[in-house]
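These are the structures, in structure tokens.
Okay, so chain A shows up in both of these, paired with chain B first and chain C after.
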Partner chain A sequence: MSYLSDVAALARKDLRLELRARDTLPAMLLFVISTLVVFHFTLPQGGSRLAAFGLLWVALVFTALLGLTRAFAAEREGEVLDGLVLAPSDRSAIWLGKAIAMLVFLVAAEAVALPAFALFFDPGIDGRTLLGVALADLGICTVGTLLAGMAAASRARELLLPLLFLPLAIPIVIGGVGTSVAGGGRYVELLVLYDAIFAIICWASFEYVVTE
Partner chain B sequence: MIRARAVEKRYGDERVLRGIDLDVERGGFAVVTGANGSGKTTLLRLVVGLAQPTAGELEVGVPRGRLGFLAHEPLVYRELTALENLDLYGRLYRVPERRERIGMLLERFRLWEARRQRVGSFSRGMLQRLALCRAFLHEPDLYVLDEPFTALDAEGAELLDRELAERRERGTFLVATHAPARFESLATAQMALVR
Partner chain C sequence: MVAAVAMIAFFAPEDADQGLSQKIFYFHVPIALTAYACFGWGAWKALLHLWKRRPGADLESYVAVHQGVIFGALTLVTGSIWAKISWGVWWAWSSNQLVLFLVLFLFYAAYFMLRFSVEPGPRRANLSAVYALFGVALIPVSFLAIRLANDFIHPTVFTSHGPQMSGRMFATFCVSWAAMLLLVGTLYHVELAGKRLDSRLRELRELLA
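Coming up: the complex of A and B.
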């Protein structure tokens, strides 16, 4: 129980920081809407449903990446991560709390992005698409938060995070697009498997990311 | 409580510490001095476990939850208030009677009136007082303090003098400083680092 209360305290702290500073979610919202508007004008009228969903996933992955680049900004300022690392709680709680906060930001951005996508492209968003987005969000936030933690320690963090994250996001995009356009089945299984494997890897390895 | 033998620390090709031997007994008060760049902060980071020695042996006889570390930076969130920052650390360190302890420390370090202010609006001296509250909150067994008097005004320095004298009875101290005279009455050992 104490582990979960640590996670809750850390996630609540991140949400409170965002409510005060408002420097991540507004940027994500602006980015995803702008991207969808640009795609709306670049995709030919009557373009395929497949292409439209492909563009949606491009927008979602890069929106998530934008949020992830800010994930450890508050900890970098004033070296607060050192303080968290020294606390007696399990260090993976830092990762899990941060991943939960990132998930909230991403879901909030998607709550605006998906209706906008439906409005611009009319592709017919169904339950399978929403399931794909939900499963992809879990994968993006678990892997992305770990990588953001790794990148935070580097001087070239803005460069490093996309280089690490985008290759690892390829299965998420494949699973997400597949779930949206080709039905659930093996694509849902792919996303579930990806989420489960990477959640365990990230949970077990975060300690080594934040310690020397 | 702390035992170091031939400890060395390198960052790439640069050797920051070499051949460090250090013994601090339980209840001891060790003062580390040295010029800028001599490795005082690095030694403290090794002791608290934020860095690992490149060579040599280092044993610290307390779990990390019983360490109280005062760093150069206050290790607090600028967008949170003093109360929120201490509450977060109090939860993570499982401080019993957390709210009472936080209130008492804020009172003692004359931050009670500013408890609901965002830390980003604090002066450097107030930040240092808050950092001291954070480091002392869980009543650590081992205090590792890097320049604890930095930025404190006369009143703050007096407060800290009193705190150190009181805590000296029940804790072990490793303090890095440029002003060892300040700790003359407390210190049991002194070590000078050279570049």
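Coming up: the complex of A and C.
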């Protein structure tokens, strides 16, 4: 039980920091709305509903990326990551707590983005799309948090994360767009498979990302 | 290597559909399979580094990935030439293997970005190893994903009923693959020797300074 309480404490710490400083979520919200407005002008009149769904996924992935670049910013600025690593708990709890906090941010951004998308493009969002978004969120947050930890250790930092993350996000995008426009169970299966495989790898390997 | 080229030129029968251009198959597919072998080998070394803490495994993993990226780029080039000749376009998104190699190429290019933006040391070895492990998980997952996302224009030569080609073609293919593996093995050892020499030289220089 102490593992779970460690995770809960770490996630609560990130959420409370965000409530007080408000430096990630408002940026994500503003970014996703402005991206959708830009997309409205890039999509020619009479552009198909399917194309709009494709753009939704672009907006979601890049919004998540924006949040993830900030994931370890507080730790880096306060130089508390070493303290967290030395704390007497499993290191993967740091990853899981952070991933949960990122998931909350992302879901909050989407709670605004999806209605806005429905309002701007009138695409007819159904339950399948919501399921796809939820599964993709899991994958984005698990993989993205680990990669953000990696990028935080490098010199290039913010520059590096998109390069590391986007090739790994391609299966998520394919699965997500597939559930929205093709609506097949196989795309949902793909997302579930992706989430499961990468969650296990991240959980097992985060320790090596923060230690020497 | 010479034997493989000779067999490709004289021994293998010409393909009924595609004629001479089909011979690039004996380069393209072995190169692609060799690149997979390199990525797999790199990930195996990465696992050894993380798990057993074997000294030198990090460097071996890096060299294997490096060779894999070179062969992956060659796969993209030969695949593109083949696509131009047999389908009339330089790039076909419907070709699953080519798209997969593009994704992998981007992924492993990011591996180098990561490696060169972290100070050398145990931290860099760990980060590279974890990322290399992500790579082998990404290969099957993206393969599935890209297959789902596309129709099937690409000829599937290997099916569950065994290879769909004649005996002489298959023999040529095997020799050619073996030649590629030998080539990559040699390159791997040469580069590894060079890198080891380099690091030893650097240690010596630090001792003397």
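Criterion: the second predicted complex is superposed on the first by the 211 of 212 C-alpha atoms of A that agree within 3 Å, B and C clash if a C-alpha of one lies under 4 Å from a C-alpha of the other, contacts with A are read in each partner's own complex, and residues count from 1 in each chain.
Note that in this section contacts are C-beta pairs under 8 Å (C-beta built on N, C-alpha and C of every residue); 3 or more make two chains touch, one makes a residue touch a chain.
Every value quoted in this text rests on a predicted model; they were computed, and no experiment measured them.
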Touching partner for A:Leu43 - first (chain B), second (chain C), both, neither: neither
Partner chain(s) touched by A:Ile201 [first = chain B, second = chain C, both, neither]: second
Touched partner set for A:Thr211, first chain B, second chain C, both or neither: both
Touching partner for A:Val112 - first (chain B), second (chain C), both, neither: neither
A:Ser154 touches, of chain B and chain C: first, second, both or neither? second
Contacts of A:Ile170 with chain B and chain C, given as first, second, both or neither: second
More chain A residues in contact [chain B versus chain C]: C
Contacts of A:Ala27 with chain B and chain C, given as first, second, both or neither: neither
Contact residues of chain A, present in both the chain B and the chain C interface: 211-212
Of chain C, residues touching chain A in the complex: 50, 103-104, 106-107, 109-110, 113-114, 117-119, 121-123, 126-127, 129-131, 133-134, 137-138, 141-142, 144-146, 148-149
Chain B-touching residues of chain A, taken from the complex the two chains share: 2, 5-6, 9-10, 13, 16-17, 20-21, 74, 77-80, 82-89, 211-212
Of all residues in chain A, those that touch chain C in their complex: 143, 146, 150-151, 153-156, 160, 163-164, 166-168, 170-171, 174-175, 178, 184, 186-187, 190, 193-194, 197-198, 201, 205, 208-209, 211-212
Residues on chain B engaged by chain A in the complex (per definition of touch): 48-52, 63-65, 67, 69, 71, 73-80, 84, 88-89, 91-94, 118, 134
